[in-house]
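Labels run A, B, C, D and E following the written order; every chain starts at residue 1.
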Amino acid sequence: MMKQLPLDRLPELFRKISEKKTVIAPIQSAGQVNFGVWTEDSILRLDALKTVKSAKGAFFPQVEDIVRFRMEGKKIDIHPADVLTEEFVIFGVRGCDARSFELLDRVFLSDPVDPFYAARRQHGTVVTLACNEPEETCFCTNFGIDAADPAGDVTCWIAGDVIYFRANTEKGIAFTADLESAENESPVEELKKNITEILKKLPFGALNLTGFDGDHLMERFNDPRWSELARGCLGCGTCTFVCPTCQCYDVRDFDTGSDIQRYRCWDSCMFSDFTLMAHGTNRPTQTERFRQRFMHKLVYFPSNNEGLYSCVGCGRCLEKCPQSIHIINVIKALGVNKDA
Amino acid sequence: MQEMIINRLRELLADGEYAGVIGWAQGETPFDRTPNLFNAEGLDQLRYDSFCGSNLSKYLVQQASKTEKKIIALLKPCDCYSFNQLCTEHRIDRNKVYVIGVGCKGKIDVEKIRKAGIKGITGITEDGDLLKIETMYGEKEISRKDVLLEKCLACKGKEHKCADEVLGESEETCSGDKYAAVRRLEAMTAEERFEFWRGELSKCIRCNACRNVCPACSCIKCVFDNPNSGVQNKAAADDFEESLFHIIRAYHVAGRCTDCGECSRVCPQGIPLHLLNRRIIQDVNELYGDYQAGESIGQRHPLTDFTLEDEEPSVIDTRGGGK
Amino acid sequence: MQKIGVFVCWCGSNIAATVDVKAVAQALKNEAGVVFSTDYQYMCSENGQAMIRQAIKEHQLTGIVVCSCSPRMHEATFRKTAVSAGLNPYMVEIANIREQCSWIHKDIAEGTEKAIVLARAAVAKLHKNAPLTAGTSPVTKRALVIGGGIAGIQTALDVADAGFEVDIVEKSPTIGGRMAQLDKTFPTLDCSACILTPKMVEAAQHEKINIISYAELESLSGFVGNFTATIRKKARFIDEDKCSGCGVCTEKCPSRKGLDEFNMKLNKRGAVYIPFAQAIPNVAVIDAEQCLHFRTGKCGLCQKNCSAGAIDFEQKDQLIERKYGAIVVATGFKPIDASAFNEYAYNDSPDVVTSLEFERIMNAAGPTKGQLIRPSDLKHPHEIVVIQCVGSRCTEDKEKGKPYCSKICCMYTAKHAMLVREKYPDVKVHVFYIDARTPGKNFDEFYRRAVEQYDVDYIKGMVGKVAVEGDKLHVQGSDLLNGEQVHINADMVVLATAIEPDPTARSLGTMLTASMDTNDFFTEAHPKLRPVESPPAGIFLSGVAQGPKDIPETVAQAGAAAAKVIGLLCKNELTCNACVAQTNEAICNGCSQCEKVCPYGAITYEDKEIRSPEFRGIRRIATVNEAICQGCGACTVTCPSGAMDLKGFTNSQIMSEVDAICR
Amino acid sequence: MSMNQEWTPKIVAFCCNWCSYAGADLAGSGRMNYPANVKIIRIPCSCRLNPMFVLRAFQRGADGVILCGCHPGDCHYSTGNYYARRRMTVLFSLLDYMGIERGRTRVEWVSAAEGAKFAATMNDFVKTITELGENKKLGDLRCKK
Amino acid sequence: MPDNIIPMLGVVTAIRIDTPDIKTFRVEAVDGGKCFEHMPGQCAMISVPGVGEAMFSITSSPTVKDYQEFSVKKCGCVTEWLHHMDVGQQITIRGPYGRPFPVDTELKGKDLLFIAGGVGLAPLHSVINYVLDNRTDYGAVDIVYGSRSKEDLLDLPEIQSVWADPASKMNVHLTIDREQDGWDGHVGFVPNFVKELDYKPDRTVLVCGPPIMIKFVLEALTEMGFVKTQVYTTMELRMKCGVGKCGRCNIGDKYVCKDGPVFRFDELDELPAEY
């Protein structure tokens, strides 16, 4: 059974939730929309289809302290950072980003479980929002994601000036408990049908992913076209850092003067120092680094995860790559059908 | 013009004297233009049109040293400054590059079209100053001059400062006072300026796109990647580090930045990074005389130079800002 | 990880009165890497040093921090102490807790706290120290003196007397320079030639001195102790070995159109000439532009008449390449061009002459054989006006004059006036002056003699205009003391023109990477403490090339420069500065920015094979010549990648200090 | 330093070895008082001051940074302070542009003979920084205890 | 307490200088005893806070009850720091990580041949001592070990007094690259030495050393009739997390820290040659 709320009363809802929980939502700041903590002064932008950064930061923040060391003489004191204990709601997650959480779970919740991530997952409620107007860069359809009916603890639809809620999980039921029931669910059905029609028109909506799997690992890896594809790549981390599924991280120490703060932060396999050791690196040129990123998404990850791709088709890399090199290029260039 | 360029390149590439051409290739969307190296066979993939905004000069740092043969580069008038600067810094061997200056009448920023609320773009055609945009939600129109890249609004003119030959016509697209935005910031109070920059820089995700695209940032190993530099850092852990990265970056390119505007073009978060560099350029010009980095090869830039009569640092107290 | 010892000095009560030295020593014990920490009454005393030595050995210290007086005081002492205990001298850091702490603070708590912070900073820096060894480079035991005037001759003689080879490169056909052109010298009024020519002869005959006349420095490479110079010896079309200087050729030469440079072009000379009677080398030279043989292919009278067969029309410029350990710049000066001062009618009347021209007119070997006659009509003048400061102390028109005082004009003007009055008491001499500047031994007495004994008419004021009126020169000036306009109908006007560096100085300075001031005088390495050295090591300054000066000053400076040269050449090898810049080749971009800011030209570039994780292949890399680098660090800041670092003051050392201070 | 102590500014003074460090020594031998929160770092020449050191000091909690070098024209290395002058002008101007209080950075030329000037400069600088208050804009929060 | 990111405390209780650039550190928990149990071939992350964290293979055998040892070659900032520390220094440690040599399964009952070069002996050291302590579980054991010079041979006293002791029933063959005074043993490179020793291809081989040595050893073994399923090695790539999450040390779809570091050569054959 769905719940509903007039759109203009959403801030009221947020206000109420934020008495007990942190609300994270797409918020505009300095001209850009990103997920951020909602406050009364925030500019909420539920109409923005894609935040610049994906929603993954809510569970896997770009920087997080993990442990602090205090050194004295030959002695070391170890003070692990606290894991999250407060509840939060992340609101307005799109179907693609919602899928990315499942993919991150595969990494961080597999044995041994990452305590920081696990705590965030445990305390976070994911409220997703259907995409009324998908864009040409969207290709979530390739990965079995329904932008018209996204997953999450709660699914929302904005139809006209009403926002509809459907709880999908226990957390979701708790979230929607106080909302009034929807009188009529047909606007949602109408909207879904509409969206489904638009999704059919996506230019990259139906990619051929044949041959991207563990069984063809060596073939894909040894494809001679990688160097051609990677030639324009700047080796920046834009694609990685806007990507909802990229999960590589680095662990670093910062000397604060009084102690050593160890933190982890997002890293990118596109960076030249990613695998650099004292005597060199096993990925010396951008070609190898570029290949690594896409092999991971399209071959290695599925090989280890029952064929599940580490891409959700959000299309952020299509929009943000400074030189317009992205996963579509790779899929189209290396796809098996081309060889056939 | 694209036809003309391809024909000329076919001629040049015919006898094998050149290792290839650095140009723009057709990407997957109608407006994706990806830098690539072309040989004679691949020329049909080369595109030159209003979407070729990226500056190709930095690719020559690697390519020109790799090949024995000369390489051909397609450079727009503004790209030539970066090219000259890289030659000055011995990062490109001028003798190994044949520069074809390609005409430019301003390049289109697709991001600006999106920002104007046009969604689901599937095609763009130009009709004089009018852009006809096909989208998944019907046809839209927008004025070309409203969606030019930010860098085109600070156009340095139509002259190619380093071309061995020039193909096509250029037009200056400068929108007037290029320091207007800098002055607007200067007119604010220190507190307002601080808030402005904190707002902008807090968006930074440290993707390094600005650095990696910047023709002045051609270091073999950047200080931010070097564990021994004392500032090595991969993610901004707090406000300070967000600023630190951009202050140091702006300072490192001071005197060498040609104001090519690539940093702002590639920033996924739309941070107006060029406003940092432009302020330095403005300072340098006002304090030490007019200087345009990359105007010619072999220049000595203002921070590696001095006069006995230079202003004292306290001059800043009396200039703009300082409130 | 270092094993560090900390030694806190009381300096009697100098430190201990306002810093709790025991507390400092105690606090430092807890610093990472500090394995020993103590305090003592006088660390610099023999007992204190022994304590340090013992601790180094006993605790196997890798470095020490001495908290004491300024490093400017005892850094060297403690470095020696460290060396004697087997430690590298650069593993010593000083925390200045006296001058910068105990002496400026009164509160013990405050002073102690600051001393601890300063000591911590020194420990933090020391953690990043590395043992340094100063490099060495060999010394070529030969000096090059550029310019053969009195400065160059004197330097050459002094250096040669110490037993070192010296080459003098002189651009004109003879050595002697400006001093050879002078008639008498102030304040003794002895004959210039009489005191100069013996020196010239001595130089010529000195077995260690090699005079390369009619030659100029073409290029210079290398660095202190190891310069390589290429010298262009211009073709003089005379075989120097054969020519006996008999002068027959000069008499036979049919061309008489040449202007005699030695006599300030006041008279004519032949196309083949010997500049003056005592020229050294006493060898003729052919002016190819004037010589009929070169212009028409005919003539050759000189060749026919030369019994020595010394005339060689086929002679070509010759390039001599030679290695030197030291270079002395003694390029001297020239009077400025007076033609810019037409308000004094210099261009309008031959009777308006410069002082140096006047000097030649007064000289017995000069164009008038020493007769004071007017150049225009060869008549004896009765009234002479001297105008001082022509082009000197000229601040308003930089194109025309010089902002500096030429220093010698007041004195030579007094000399001229005196000589005229002495020889021709009938001639009235008026001198217009702004200030009469006569500091110097017996100088003011000399000037007063001119005024008082010789009745020279000194008028304080400037001349507004000199106009040619018939055969007279109408001088219109102001007398500031009497507050009136002065009009004098003079027969001759002498302009006491400013002097300026020789025109070749600027290009020479560039060649030597020696810095110059805006007036093209060579800049000394330190205006007070190193007045005869140029900033680049191994380049020395002698004479007016460095700034206006008179003959005794020039000779004194020439001797000083020689002493510096001897000090350098008597070493078999040079110990370089250990704290020099160093390139990390793995990350050097070869961008050439560091080279631009190096004041010593210590940085060059080489294509080198690089094997680093980031790059494999041949790349342009900056190389620092340790023998030249003085360790200022300008390059390190210019380097964008941080490839350039300064040993002893590395980026990480300074940052560690910053961190420790801000902790 | 304990937490409950009242805030006093932290000042880092970079002094060139040849003039200003000697000037500071002279101030010391003349027993000229200036606040203890000024700590001097010796560098060979003002041109050794890398802007990164300035930022580092602020990061680590400095409230003011001052560079002292030889007077223009008197540089031991003849040209170093001229480069330093341009570099610091551009850096300070950029910091100003980014909204950092102008007074937090300063360059002062102090010769080896100007002990009194050194002390006076430090007194004045400490006064300026005290008035400006704590450096909140450029500090790294992780370095604050 | 979360244990895969947060390290535990270890204290260095002994330091042995093995070669000019290799030292062996004995690490115990602060309260004595081992920090954790491990199997031969597994690794641990050792870190010096503020300097960095690095992965080292555990050199001591699991059969040692009281401590673990690490042989560390000086090559980067962490190792540099470790080489400078004194006994009593605390460090942080986490692990064990990775898949060990199959000492209790595939290797059991087999005739073993250990081939090591330089510091490559370190990972095998653990296995050899484990085998020695369970000597009856295995057949013939041969050890071929080579280094640049006599001084560069790791653990020489132990090799000579324990491994070469007839009671150990192991054959030890040492070689150095070039002739040297005071060395009367074999001279020559390891791969050639292996060929000279002419083993029958029925051994199970454990090889570790510099990549170039491994390459030629593998060629030699192939020539001698060995197949890849008989040969094990350990890999080393840049690692950070140790648990296959940070995304750094993969070779194809395998993570060295989790699926390695021990690999059989036939397994590597199915992976991209990106190491």
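Note that a residue touches a chain if its C-beta (ideal position, glycine included) is under 8 Å from a C-beta of that chain, and two chains touch if they have at least 3 such contacts.
Computed from a predicted model, the values in this text were never measured in an experiment.
Chemist: Let me check something: if the centre of a chain is the mean of its CA atoms, which chain is farthest from chain E?
Modeler: In terms of C-alpha centroids, the chain at the greatest distance from chain E is C.
Chemist: More contacting C-beta pairs: A-E or A-D?
Modeler: So, comparing the two chain pairs, more contacts are at A-E.
Chemist: Determine the centre-to-centre distance between chain C and chain D, using the mean Cα coordinates as centres, and give it in whole Å.
Modeler: The mean C-alpha positions of chain C and chain D differ by 34 Å.
Chemist: I'd like to verify one number: the distance from the centre of chain B to the centre of chain E, where each centre is the average of its C-alpha atoms, in whole angstrom.
Modeler: 51
Chemist: Could you state the distance in Å from the CA-based centre of chain C to that of chain E?
Modeler: 66
Chemist: Quick one: which residues in chain A touch 2 or more of the other chains?
Modeler: 71, 250, 254-255, 257-258, 267, 272, 276-277, 279, 281
Chemist: Which positions in chain C touch two or more other chains at once?
Modeler: Correct list: 597, 614, 638, 651, 655, 659, 662-663.
Chemist: Considering chain E alone, which of its residues make contact with at least two other chains?
Modeler: If we look for residues of chain E contacting two or more partner chains, we find none.
Chemist: By the document's touch rule, what are all the touching chain pairs in this structure?
Modeler: Taking the chains two at a time, the touching pairs are A-B, A-C, A-D, A-E, B-C, B-D, C-D, C-E.
Chemist: Taking the complex as given, what residues does chain A use to touch chain C?
Modeler: 71-73, 255, 257-258, 272, 276-277, 279-281, 284
Chemist: Which stretch or stretches of chain B touch chain C in the complex?
Modeler: Contact set of chain B toward chain C: 65, 88-91, 218-223, 226, 228-230, 252-253, 300-301, 303-305, 308.
Chemist: Could you please specify the touching residues of chain E with respect to chain A in the complex?
Modeler: 1-9, 49-53, 75-76, 86, 88-92, 237-238, 240-241, 243, 245-250, 252-253, 270-272, 274-275
Chemist: Okay, in this complex, where on chain D does chain A touch?
Modeler: For chain D paired with chain A, touching residues are 60-61, 140, 142-143, 145.
Chemist: For chain C, which residues are in contact with chain A within the complex?
Modeler: Where chain C meets chain A, its residues are 30, 32, 613-614, 659, 662-663.
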